[in-house]
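To keep things simple, chains are lettered A, B, C, D, E, F, G, H, I, J, K and L as they appear, and every chain counts its residues starting from 1.
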Amino acid sequence: MGESWTSEYVIIKALENGVTIMGLTRGRETKFHHTEKLDRGEIMVAQFTEHTAAIKIRGRAEIYSRHGVIRTEDQGIQG
Amino acid sequence: MGESWTSEYVIIKALENGVTIMGLTRGRETKFHHTEKLDRGEIMVAQFTEHTAAIKIRGRAEIYSRHGVIRTEDQGIQG
Amino acid sequence: MGESWTSEYVIIKALENGVTIMGLTRGRETKFHHTEKLDRGEIMVAQFTEHTAAIKIRGRAEIYSRHGVIRTEDQGIQG
Amino acid sequence: MGESWTSEYVIIKALENGVTIMGLTRGRETKFHHTEKLDRGEIMVAQFTEHTAAIKIRGRAEIYSRHGVIRTEDQGIQG
Amino acid sequence: MGESWTSEYVIIKALENGVTIMGLTRGRETKFHHTEKLDRGEIMVAQFTEHTAAIKIRGRAEIYSRHGVIRTEDQGIQG
Amino acid sequence: MGESWTSEYVIIKALENGVTIMGLTRGRETKFHHTEKLDRGEIMVAQFTEHTAAIKIRGRAEIYSRHGVIRTEDQGIQG
Amino acid sequence: MGESWTSEYVIIKALENGVTIMGLTRGRETKFHHTEKLDRGEIMVAQFTEHTAAIKIRGRAEIYSRHGVIRTEDQGIQG
Amino acid sequence: MGESWTSEYVIIKALENGVTIMGLTRGRETKFHHTEKLDRGEIMVAQFTEHTAAIKIRGRAEIYSRHGVIRTEDQGIQG
Amino acid sequence: MGESWTSEYVIIKALENGVTIMGLTRGRETKFHHTEKLDRGEIMVAQFTEHTAAIKIRGRAEIYSRHGVIRTEDQGIQG
Amino acid sequence: MGESWTSEYVIIKALENGVTIMGLTRGRETKFHHTEKLDRGEIMVAQFTEHTAAIKIRGRAEIYSRHGVIRTEDQGIQG
Amino acid sequence: MGESWTSEYVIIKALENGVTIMGLTRGRETKFHHTEKLDRGEIMVAQFTEHTAAIKIRGRAEIYSRHGVIRTEDQGIQG
Amino acid sequence: MGESWTSEYVIIKALENGVTIMGLTRGRETKFHHTEKLDRGEIMVAQFTEHTAAIKIRGRAEIYSRHGVIRTEDQGIQG
């Protein structure tokens, strides 16, 4: 499975219940391969892996990354 | 599939519904191989991979990258 | 088992009894492979490994990481 | 296809419709191998690849790079 | 046994008698493989190894790490 | 063709029509192997490659490089 | 015996007679493999090695490390 | 031809017509293998290569390098 | 004998006659393999080697290291 | 001929006519293998190579190097 | 003889006649293998090598090293 | 002859006529293998090589090195 444990990680902190973290595959086809639900105040520390090349986050959350702290916005009205 | 999990990532935050993120292929021909839709407030953390050498973003969004934070502009009038 | 001892680590400090630290697998399927309970004031220093690509934390805790110190929020009301 | 996913990337932001991004080949002959059109406000994140050794940009745009932010100038009068 | 002597180390300083340092295994199963007791004022300098991927600390102590100095809290009341 | 995609790049911005960018060969003989014309405001992002070891620029332009920003001077009078 | 001479070192300075420095083994079993006594004012410069993955210090001493200078506390009353 | 595309480059800007850039060979014998003429305002971005180990510049010019910007002096009187 | 000449070095300066520098072996057994005496004002520049994994210093001296300058204390009274 | 194109370079600027730059060989015997004359204001950018391990400069000149800018002194009186 | 030319060097400057620089061997036995005498004002630039793992300096001198400048003290009275 | 062209260099500037630069051999025996004379104002840029592991400088000179600029002292009285 290689040395993917040296890859970078981001930290996601849920600011409401039901934040969804979706892992997208690395291969020729880009598909969702895993979905994780976070409730308010839960934290996920997630690496890129041989299987995950992209992460999609839905719901009020904060992303801690090498590019700073990024906050998703409220979707209650339009979502 | 190599060690592409060590490649860099950018973070895209949608500022409106329907932001489109298109992955362009790395090979001899440059084609769209994947399209991802983001709704307002959703976030995508995306790496370059063996298959993706360029990313095109359409719609109001913010890109967090090693070159700073870049904001697409409103296209409502001309687009 | 490779050289995963060079991977990064995060430090988790429990601020209440019963903080749960869940290790998620790296492989094709993302499953919980280990759950660790921390009581108030206990500390866990945890690396990414060949088996752990993501860590989920539930309960009042502080995460010390390369992206700073992150505090989970109280879940007593909604959780 | 090598490990070209570790190469550097530039970010191009179109300031008007019809910005053209042309990829030039790396080989003995330097030819255009791909042309991408950006409309106003669209963003392109582009790596150098095994096939692309130079990028030419035409139209009002901003280039975000390791050498800073560079703005093309208006060509409406002379172009 | 590889080159695990290049891995990082943390330093743990006991602030009371009976501080417990537990090493958790790196393998598929995460188990305690070693427990070390520190009395007040004793110090432990501990590396991650081929066998230890996580360290759990119980009792009043200070952890010196690349993420700063972290102090466990008093557990006398709830623990 | 090696890994020349990791080489450095310079950015050239034309300040007038007809700026000429000439690539000189790396081999035993140093010859022009490619000439690119830029019109005012156009930008070229160019890497060194297995074939290009030197770049000559003629006409009013700005060069963005690791050694700073360098501006060619007007040649209208003497050139 | 590998290249363990490139590993990190800590420096221990005894502040009283009889400071004990215990080396713990790296292998599957964590045992004491060496004990060194320092008298007041003596200094030990010690590397991690193929055999030593943890160091335990007992008695009044100062540890100089990449995480700063750490002082054990007096144990005369409780120890 | 090796990987000489990763070598360093200097930038030479001519301040008068007829600036001469001479490449000297790397081999056992040090000979001129290429001469390039720059007119006023022209710029040359030049790497060291398998064939070029030294560069001699004659005429009024500025050299941009890792050691700063260096200006040749006027030779009109003595040269 | 490997490449131990790239290992780190410390510098020891004797502040009195008879400062003792003892080299401890790297192998399974930790034994003294060499003892060097320094008189007042003499200096020793010493590397870790394949044979030396720890250095013990006795007597009034200063140690110059990557963790700063450390001074042994006078032992005349207790030693 | 190896990869000597990655070696460091110094820049020599002649402040008078007839500055002499002598390359000394790397091999068992240290001999002059090349002499280059610079006239006032001329500049030489010179790498260490497989053949050149030392450079001797005679005459009024400035040396730009990783250790700063160094100016030879006037030799007219004693030289 | 390996690549010991990349090892670090220290610079020793004699402040009186008869400063002695002794090289100690790297091997299992630590012996003096070379002694060099410096007179007042002379300078020695010395690398660690395959044969030299420690350097002992006797007499009034200054040592320039990665840990700063260190001055031996006068030994005239006690030495 | 290896890759000794990547080794470090020092720069020696003679402040009087007759400065002597002596190269000492790297091998088991440390002998002078080359002596170079510098006159006042001359400069020598010298690398460590496969053959030179130490450099001895006699006479009034300045040494430019990674440890700063070091000046030999006048030897006229005692030398």
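The definition used in the following text is that a residue touches a chain if its C-beta (ideal position, glycine included) is under 8 Å from a C-beta of that chain, and two chains touch if they have at least 3 such contacts.
In this text, all values refer to a predicted model and were calculated from it rather than measured experimentally.
Enquirer: Between chain A and chain E, what's the gap in Å when you average each chain's C-alpha atoms?
Expert: Distance between chain centres: 29 Å.
Enquirer: For chain B and chain G, let me know how many angstrom lie between their CA-based centres, rounded off.
Expert: Measuring from centre to centre gives 51 Å for this pair.
Enquirer: Chain A to chain B: how many Å between their CA centres?
Expert: Chain centroid spacing, chain A to chain B, equals 15 Å.
Enquirer: Name the residues of chain L that each touch 2 or more other chains.
Expert: Residues 3-4, 6, 10, 47, 49-50, 65.
Enquirer: What pattern do the touching chains form: line, ring, star, complete or other?
Expert: Basically the chains close up into a ring.
Enquirer: Under that contact definition the chains make a ring. Starting at chain A and heading to chain B next, list them in order.
Expert: A, B, D, F, H, J, L, K, I, G, E, C
Enquirer: Mind pulling up the chain J residues that touch chain L in the complex?
Expert: Of all residues in chain J, those touching chain L are 2-4, 6-8, 10, 24, 26-30, 47-50, 53-58, 60-61, 63, 65, 67-68, 70, 72-75, 78-79.
Enquirer: Touching chain A in the complex: which residues of chain B?
Expert: 1, 3-6, 9-11, 13, 15, 17, 23, 33-34, 36, 38-47, 49-52, 64-66, 69
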